[in-house]
Each structure stands twice: as structure tokens, then as C-alpha cells.
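One chain, subunit A, links the two complexes that follow: it is found with subunit B in the first and with subunit C in the second.
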Partner chain A sequence: MNAKTLEIQQFLQLSEKLTAFSEFQLQGTGQLEEYYEAVYQIIGEKNMIQLLTTFDKIQDETASDETAFDKQFRAKVLSDEKLGPITRSIIKLWFVGTWYQLPKSWNETFGLLENDKTYVISPSAYKEGLLWPTIGSHPMGAKAPGYGTWSAPPEIPAID
Partner chain B sequence: MSNDHGGLSTIVDHKTAASTNYDAVIVGSGISGAIAAKELSEKGFKVLILEAGPGKDLSLNGYEKYLDNFYTATSKDNNAPFPRNPNAPMPRGTDVDSLRPGEPNSDNFLVQNGPLVTDTTYCKVVGGTTMHFESKTPRMIPEDFHMKDNYDVGINWPIDYKELQPYYRTAEKEMGVSGEVASQNITGTDNYAEGYVFPMHGMPPSYLDQTVGKGLNGMKVNMKGEEHTLQVRPFPQGRNGIPNVEYKEFNDGENFVPEGAVSLHQAEIGERCQGNNNCTPICPVQAKYDARKTLVKALRTGYADLLPQTVASKVVVDDNGKVTEIEYKHYDSMESSEYESGSFKGKIFVLAANAIENARLMLASGLQSTSKLMGKNFMDHPYLLTWGLLPEVAGTMRGTVCTSGISDLRSGEFRKDHAAFAIDIHNDGWGWATGSPYTNLHDIVDNMNKYGKELRHELVNQISTQLLMAVMIELLPDPSNSITVSPDYTDRLGNMRPIVSLSIPDYTLKAVEKARQVTRQVFQRLGAEDHTSYDPLDFGYVSYNGEGYALRGGNHIAGTHIMGDDKATSVVDKYQKSWDHENLYLIGAGSMPSIGTSNTTLTLAALCFMSTKKMLEDLI
Partner chain C sequence: MSLKPIKTLDDVKDYLYAGMQLEHATIPTYITTMYSIHPDTNLEAYNLIRVIVIEEMLHLTLAANILNAVGGTPDMMKEGFLPEFPTYLPNGETDFEVSIAPFSHSTVDMFLEIERPAKPEEENTGVRLKAVNPSQKRYLLPCLKDENDQDVSYYSIGDFYKAIEEGLEMLCDELGEENVFVGDKSRQVTPEYYYSGGGDIVPVYDLESAKQAIRLISEQGEGFEGGIYDYEGELAHYYRFQQLKLGKYYHKGDQADEPTGEALSIDWEAVYPIKTNAKMDEYPKDSELYAANLKFNQYYKNFMDKINTAFNGKPETLIPAIGGMFIIKQMAYEIIKNPIPGQEGMNATPTFEVDKVELLSDEELNVVTPQHG
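What follows is the complex of A and B.
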């Protein structure tokens, strides 16, 4: 496994935690590589590696203890001045296919990133947003469920 | 002539068109222009259709490009699929800003003179505003045509419902309406022909509609002493569903065949709605009616020429008021301000560019009409949005954008005192009001600090229970609400831009207050959390009787060249023919003397079919 493949694997595991969708489901979107590449281009190698190694370490230390993971993840990633905003943008990216520009306060502390602007990654990113299956629906304007399906109750997937 | 569109000689070049003598020169390729073009060309009359915007979209490829624009747009507003075009600019809801005191706001295409700022939009591309309209198709009700006689407010039409009724049927066929006549019996009288059915069966109501209906049906509301009973009713819609075999009787014995996607090659999509929940701004499969479906019928006759990227800049008249030609500016590229100009000649001229643009062009040509009412009586439906969370998951964000609503407050004696209104249940949730579901995602991630499972639970809690009631409120004609022009405000090609002056009278504000009260009662009855709030800094903020509300534009622009019985009090006659210019028609919702509580497109389409009878008489 080369370094990049390993990083994508770690990015996938991180994404699983962020979204509560399985690796299988995330792979099924076909978006993993595109997102990894986009985030890499936006935040740069150094920040990406810092995020992934921090996450990896927490995973190792907490094993399958979810409560312990949550505590450490909040302490070392979500409340981290640098990693928190990046992580929140990654969550949104998975859910609606849009990268949201990091907050101004981030730029003031860590500098401007050339590729950091709010944009929809691609037409397929929009269509593969996880928000829609989360609520038992489909992205507006794509993956239509078929005539009359809207009359039945929504099928909201259980979260395992 | 090129041959880009499925073997049809359609796209003409401007020099060829300028040297051709047409029977009719039609300005605008939206629904009004498309109907006129179809009706005239089918009878063998040679017509030219001008479109200010681009026209690539007559191919499936062009349409798919719009769709990709939509997918990648960070703002999914009404005009998101369509390119910004400085040579033929159009209003965008996202451009709107509050007024600065003491001066019109000219930052964006529509110059806003206030006092109310409007975010109403329309579309300048082939197919016009039907490209992004929602395609709800309720008829107006008989009393709407006689507001002065019935309620001592507004203006009477020169025609009544009965006279328009057969043309309503023609329009319903052309637009391919799905619906159930029984659900449209609002006034308790029989407003449809005996045995009439719509071309297609009604769209099934959404699960959200059913959830609301379960709690709401039978609710009583007091309207100035009259008791009205509310129920959730489905709307008729210009959207392909399942053909109704009983429609044969109204279709020369033939089964109705839905019009699918417009394309040069065979494309077997669009013959039935798939529930994309995206009627506005773009139906991905073209199951929704848009005017290109009518336009291609005109183009297939071989008697119609389409000329996109050509802006009508002046209507030229002789000493007797007869139109001699229409001057134009043609541009090759949206990226460049270069253009060539010339003029087109025809026997009759038809302005079908919508209520704002028809008035803009006439006024820019110095033609105010004898009545001086050109551009006056500007109308649009103000919308009041109210939103709450239901106590149960209702599957919001599924279905067509709107399948049902409450139509029981469209009619009644209370109209002497305040405006009527109709309520839409939005299957796309709070989107219009708050930017949901995006804003929910932001809030849950950024403020509630959720991720993973908790995030997903919260998304369901906050989105799948949403109920948005959008209240469409009647606005009566008032000459002080107007479209004007001034040489101070021009676009890149030097054409004068429309200036909008708009204020909301007490007659309508009283209805705003009542509508808010009724929606509160609905939320109370359903046990829903009312989350409605209006920001005093909102561009559409109005105060009435000690309470504030934020209004939104309805994109139902009308009234700027109203029809009537004489040239002193109206701009056009009942056939939408100009009183002042014997070979000029101004067609579309601009001719309507009232808009009731119906989306305007079906009614303006019916009026256009009626007008084409007269146009044919003129040409024969």
C-alpha cells in the first residue's frame, strides 16, 4: 500500500465516523477519491496528514470504545483551532457535496489557502450528498424515486 | 439558415430575417409567444420569434447543460440553471437588497424604486419563464373577473369566466394538465363543462399533504362573520401524469398523449413525472410543461423562424399609430458587448415578452398609449411564508414541489374588506423561507456540534417534519404600482431597464394579517411548533397593525397593459389588441385586470389562445 492509498483509507475511516455511513456505503457514492483529492488540494498535505494522524491515533487509543472516542475526538479534533473547522467542512462536504470555505478566524490564525472557496465539487458530488438518503429522500433534481412514490411514508434508514 | 434542430429550419440569422416580410413578428419565446407562433404557423402564416436570451436549449444537450449548471450552483435559486447574460439581463432573487433611503436601488437589473422591494424574477432564455416556473395551473374563479361589481374593489374584466372557459380547456390541453376537477369546486358552483376531466389524472398527494390533511380537514375559520371550512386539496399541475381515458370526449375522441422531452433526437423521457422535487428551477426529465414544447410545434410547421440573442429595442409607428417595424440588437456572444442592429417587418406585431418587458419596450419606444396606463397597475402575488415542525415525521422533501394546499379562502364576501388568499403546502420544506436543508446542516454541525449518528438523527428531526405554508395573497390593480423607464438606467446594450415602484395597500395587508392568524391556527391544531419569524431588516419587511411580516415576490407579474372596454381606461381590448396601434398585440399576464388567487400562467395561456383567433382574422 503506497502512502496515498493509506491516506485515502484513513480518510475513509474518518469519514465513516463523521457521517455514520459505513465504509461500504461511502465507497458506493463513488466520491471518496474526488473528495480526498479536493480536500487535499484545499488544505494542503501538511494539514491533511495532521488531521489523519491525529484521527488515527485516537482510533488506536480508544479501540471500539465509542464514548472514549467521542471524548478524545472532541478534545483533539473538533475543538482544535486548526482541525475543527476543517473537519466540519468535511462533514458538510459528504452531506451536500459542497466544500464550505473555512471561517475567517481560521485564516487569521493559519493563513489563507489559495483553493479554499465555497463551491460544489462536481455535479456528481451534488447528487451523492448523504443528506438525502439520511432523510429517506433523494437530491432535488436527481435520482428521482418514481411517479407517485411521494404518497407513501418515507423510508428513513436505520443507523447501525 | 442552420439546421441544428432535428431537421427543422428553425434558427434564422438576423440579416435573413430582416430582409423577410413576415406575417407576424413575435417578441418573446415564452408561453405567450410560443402559443401565438404555433397557432399562426399551423395556419400557414410566416412568423418570426425573437428571443433576447440564448437558444441552445432546444436540444437535449443544451438542456442537460442547464441541469449541470444547477447541480454545481452554490445557490439553487430560480435562475440558477441559466447563465448570467449582461446583453439581456434578468432579475435574480439572490440579487435583491434593501433600499437605501431617498434613492432607487439600481445595483441590479430591476431598478427598485420602492417602497417595497421585490425579489420577483423572470427568465430570458428560449422558453421564457416557464423554464423555471412551478407549473401549478388553477383556473381563476368566476368572481375574480368582476371584482368591482361583486365587491366594489378593483376593476372588472371586459370578459367573464364563461367566455374564457373554452380557452381554459385549450390551455389545459396545451400545457398537459394533471388534476381532478372535483378538487377544484371551490365556489360551490359548477365552473367546468359537464363531464369535463383534465387531460391526465391528478398527481397523487404527498405523504406530507396527507399528514397535514389528517389533522386539518374540517377546520373552521371565521372570515368577517362567514364560516369557511378548510380542507387540503390537490392542485392541478402542468406536469405529466397518467392520461385520463375520459378526456377523449374533449380531445376529438383521441386518447391524450403526454409531451415528453424536447429534443432533436428521439428521447424517451419526460412523459411522466418521476418526483424529482425540483419543478423550480428545472425539471430534470422535462415532465413539467415548458413553452419549448409548444414552440417546437410551431417550428415543425416550417413557417416559423426562431431568432435567439436578439433584443427588441424599439417599436416604430407611423403617423396613424400603425407599427411599421421593430428595431433590434443582435449579439453573437454573451461575453461581448458588440452587437449589430436592424429592423424586422411584418403585417402584425405581437409583444409577448412578459408584463414587465412588454411595458418596458413600449415605454422605451415612447408609446404610453392614450390611456397613459402603459406600465401602470403592475401586479404580482405577494407571498407570506409561515413555517413550523410537525410532531411526526412527514417525509418532507419528496414529491413535486407542491401537490396540495388550502383553496377555501379564495372566495367569499370578505373580499369587500380584504384580499383573498390561497395556501400552498411545500413539499420542499422550509427551503424558500430559510434555505433549508442546507441551513439545517450548518446549524447542526456548527452550532449543535453534532457528527455521525447524532447528526443523522437531528437531520431527520429537523427536516422530515418540516411544514412550510406559503400564502399567495391577491393584489389589486393600482396605477401607482408601476413599471417605468429612464435613460439614467440602461443595460450593456444600451436598452433601458425597468424601474419597479411597488407598495402594498391595506386591502392586501389586512389579508396578510388574516393569513398569519389562520396559519397560526393551523399549527396550533396540528400540534406543530411554529418557527415563523420575520427580520425587520428583511428587504420585504412590512408592518401592519402593530405586527411585522416579510413578503416575497410571486413571479406572477401582471397588469401593465390591462384590457378593458375602451381606450381611455385600458391599453388593450379583450383580444389583447392595442387600442392605439391597430396591428399590435400585447399578450400575456400584462393584459389581466386582476390576478385573483391563481398562478397566472394558465389564465394568460387561455387569453393567448383567444387572441390568436383575432390575429388570424386580421391576417386572412
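What follows is the complex of A and C.
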């Protein structure tokens, strides 16, 4: 496994924690590599490495203790002044296929990032948004569910 | 199933059942190849295959209509109706493998073999059959024994349907048309129960409509009287697939094998490297992939059961069942986009092993079907 493949794997594991969708479901969107590349281009190598190593370290330290992981993840990633806003944009990215520009407060502290603009990553990003399965629907104008299916109630998957 | 030359009405029913099996068996291979193409790339190739798949669904329905018209039972739920892949086309000394495989040059060659046109009359030695060396394999195009007890097979799907047509003509002469087309008319899938599916559905009540249905199947597959178009002026399947091989579109007035139209660009790399003819057992038992593929097989079986219900006296259930195909598509994509755990560089594929799973109800599968009526 080369360095990049390894980073993509870490990004996948991080995304699993951020979205509560499984690795299989996330890979099933076909968007993993594209999102990794996009985030890498937007936040830059340094920030990406900081994010992934912080996440990796928490995983190592807490092993399979979920409560401990949760606590540390909230403290060191989600509530972190630098990493928190980045992870929130990653969550939105997976759910709606759009990268949301980091907040102004982030820029004031950490500076402007050249590629950090709000934009739809690609045509498939919209179709593959996790939003759709979450609400038991489908992206309008894409993934049509077939004639007459509008007469059936939405199928919302059970939450484990 | 081993067939005999057609002598009785039961023989015709066996042929028509084999025809349904054949039409349906092309669908898993065509759709999996289609879904192995990265979404939003190779749109021309994708759409070209898609149109053919929809016509195969029409052919399946037409074959069911003819079988119902002669009083047969289109039992799609019988074990072995969907063959295990690879299945085979008998091809003389060696058999030709029909696989569930990623989009590639060799897969296109396989599609061409499936859809190969009948040889021109002058090259036919009176019979459309050729000697084969049968094994215990299950064939896509069935084998039969000729008068000399030799194992033979039809050269093309069109040849196979031609034999059905001649059999029906012979039986009508012998028994009278009204004693051949004895099926309950209400079992026919008529246009009100079939929408925009690759051509017009033909309800079959007599020899003339049976011949019309057969003509539609044969010509959509391999062209009209050796030409590259069917009688509706649409390019036959064989020549559509050939455009992928030759990288060029046919243009009106072109001769077979020599398209002169625009270039058709294909990115052969924009394809998920799915494992050819993967089986359930090859996926780790505790993986989500295993569970997803199991669910896919169960869902596909439930879907086949719905189509089967429609073909067995409830044609009004066909349209509401069709929505299931879109779910099948999404389930297939999710599987295809995932690598097989532990098998580097190899992606998964739905395995279509319907005989290995139980038939589950909509409730058990958590499926919502729209109400009709």
C-alpha cells in the first residue's frame, strides 16, 4: 500500500465516523477518491496530514473503546478550532456533494486558502449525496426510481 | 433442458420456455457490464448497451406471450431458469463462455457471439443446425438431437426462433390453428400493461401474431433478411455491439461490417475492475459486501417472482414491478463500486445466484411497491 492509498483509507475511516455511514456504503457511492482529492486540494497537504494523523492517533489510543474514542474525537477534532470547521465541511460534502467554504473566523485565524470556495464537486457528487438515502428519497432528475413509484411512501432505513 | 426437433405442442412449449430462459439470461451479463462503466463516462457505450437490454426485456415478454398463447406456463421460478455463470453457447468443438464480466474488448466480443446473425441462406446447408460436442454444461442456446441422433445446436438465436415458427406452422396445419392457440387470452401482456420498452408489445392470439412476435425478436437481434436493420429500420443488436468493437457508428445505407459513420469514442479504462463470474462464497462471510450481495440475490429473486406473476395471469402487476429494476441498478452499483476485501485491485459484482437463496416476501425484504389501478 503506498502513502496515498493509505491516506485514502484513513480518510475513509474518518468519513465513516463523521457520517455514520459504513465504509461499504461510502465506497458504494464511488466518490471516495474524488472527495479525498478535492479536500486535499482545498485544505492543502499540511492540514490534511494534521487531520489524518490526529484521527489516527485517537483511534490508536482508544483502541476499541467507543466511549473513549467519542470523547477524544469530540475534544481533539470536532471542537478543535482548526480541524472542527474542516470536518464539518467534510460532513456536508458527503451528504450534499458540495464543499462549503470554511467560515470567516477560520480564515482570520489560519489564513485564506486559495481553493476554498463553495462549489459542487462534480455531477456525480450531487447524485451520490448521502442525503438521499437518509430521507428515503432520490436525487431529483437523477436515479429515477421508475414509473408510479411516487405513489409509494418513502422507504427510510431503520437506524441501528 | 434438452430439446427435440419440434413434433408436438409440448415440444413447442419447451422451445418457448428455453427462449424465455435465453432472453432473460442475457440481462445479468449485459447490465453488469453496463454498470461496470464508471458513471458519467462512456455515455455512448452505456446507452448503446442500455437500449439492447430494454429490448431483451421486450423479447422475454414476447416469448412469454407466445408460450401463454399455446397454453404453456412461463415458470421463471423453476430451478435453473437463470443459469449459473459462466454459461455456454455451444460452438462446435469448443464452447463459448458467456460470463458476467467488466466492460472490455473481450466482453464486447462475447456480446457479438451471443447476438451473431444467422448465416446467409446460400451458406446454410439446408439446416440451421450444426454438430456440437455437448458436455454436461448448461447452455444458453439449447442443444438437441437431430434425426440421426447426433448432437446439434442452432447457429444463432434467430435460427432457434425460426425453428419455433416452422414448428408452429406445421402444428397449425396438422391440428388446426384453434387447437394450437388454446391459451387463455387474459394471460397476454398487452400494450396497456407495457410502456416504452424497446418496441411495441405484441399480444399473441393466433399464428399471425405469433409470427409477428417472433419476427420482432429475431430482427431486433440480428437484422432483417441478412441486412443490418430490422423491419422498423433500427440497427440490429449484433451491429450495435459491433460499433463498440470497431469504434464507429453505422450510417444509413452501410453494408454489414463496414460502418462509415462518426467515430465512437470509448475510454476502456473508465471501468471498475469487477471480478468475472464472482460467486457469493468468494466474499468474506462477515463483510458488508457479502450481506449486500446476499440481499441483491434475494431482491432479484423477489423481482423475478413479480415478473413471473405478471406472466401468469396478472399482467396488471407488471408496471408496478418495473420500479424494482431501478432498485436493482442502485444495489448493483453499490456492490460494483466496492473492492473485494482481501483481493487487491478486484472489485465486486452482484452474483445473480438466485437458486442459492430463499424467495422472500416484500415485507421480509422491506420492499415498498407502488399500488396500481
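Criterion: the second predicted complex is superposed on the first by the 158 of 160 C-alpha atoms of A that agree within 3 Å, B and C clash if a C-alpha of one lies under 4 Å from a C-alpha of the other, contacts with A are read in each partner's own complex, and residues count from 1 in each chain.
Here is the rule we go by: a contact is a pair of C-beta atoms (placed from the backbone, for glycine too) under 8 Å apart; a residue touches a chain by one contact, two chains touch by 3 or more.
Bear in mind that the values here come from a model prediction, so they are computed numbers and not experimental data.
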item	value
Fit or clash between subunit C and subunit B when superposed on subunit A	fit
Contacts of A:Phe95 with subunit B and subunit C, given as first, second, both or neither	first
Arrangement angle, subunit B at one end, subunit C at the other, subunit A at the vertex (C-alpha, nearest 10°)	70
Partner chain in contact with A:Gly148 - subunit B first, subunit C second, else both or neither	both
Partner chain(s) touched by A:Pro123 [first = subunit B, second = subunit C, both, neither]	both
Partner chain in contact with A:Glu23 - subunit B first, subunit C second, else both or neither	second
Touch count on subunit A, higher of subunit B and subunit C	B
First (subunit B), second (subunit C), both or neither touched by A:Ser64	neither
First (subunit B), second (subunit C), both or neither touched by A:Met140	first
Shortest span in Å between Cα atoms of subunit B and of subunit C, once chain A is used as the common reference	6
Interface residues of subunit A shared between complexes with subunit B and subunit C	122-123, 127, 144-153
Complex contact set, residues of subunit B against subunit A	67-68, 70-74, 76, 204-207, 210, 241-242, 272-278, 282, 284-285, 393, 395-400, 403, 427-428, 437-438, 441-442, 445-446, 449, 451-453, 455-457, 459-460, 463-464
Touching residues on subunit A, where the partner in the complex is subunit B	17-20, 74, 78, 87-88, 91-92, 95-96, 98, 100, 118-120, 122-123, 126-127, 131-132, 134-138, 140-142, 144-154, 156, 159
List of subunit A residues in touch with subunit C within their complex	22-25, 27-30, 122-124, 127, 143-153, 155
Contact set on subunit C toward subunit A in their complex	38-40, 195, 287-289, 292, 319-320, 322-327, 330, 333-335, 337-339, 366-372
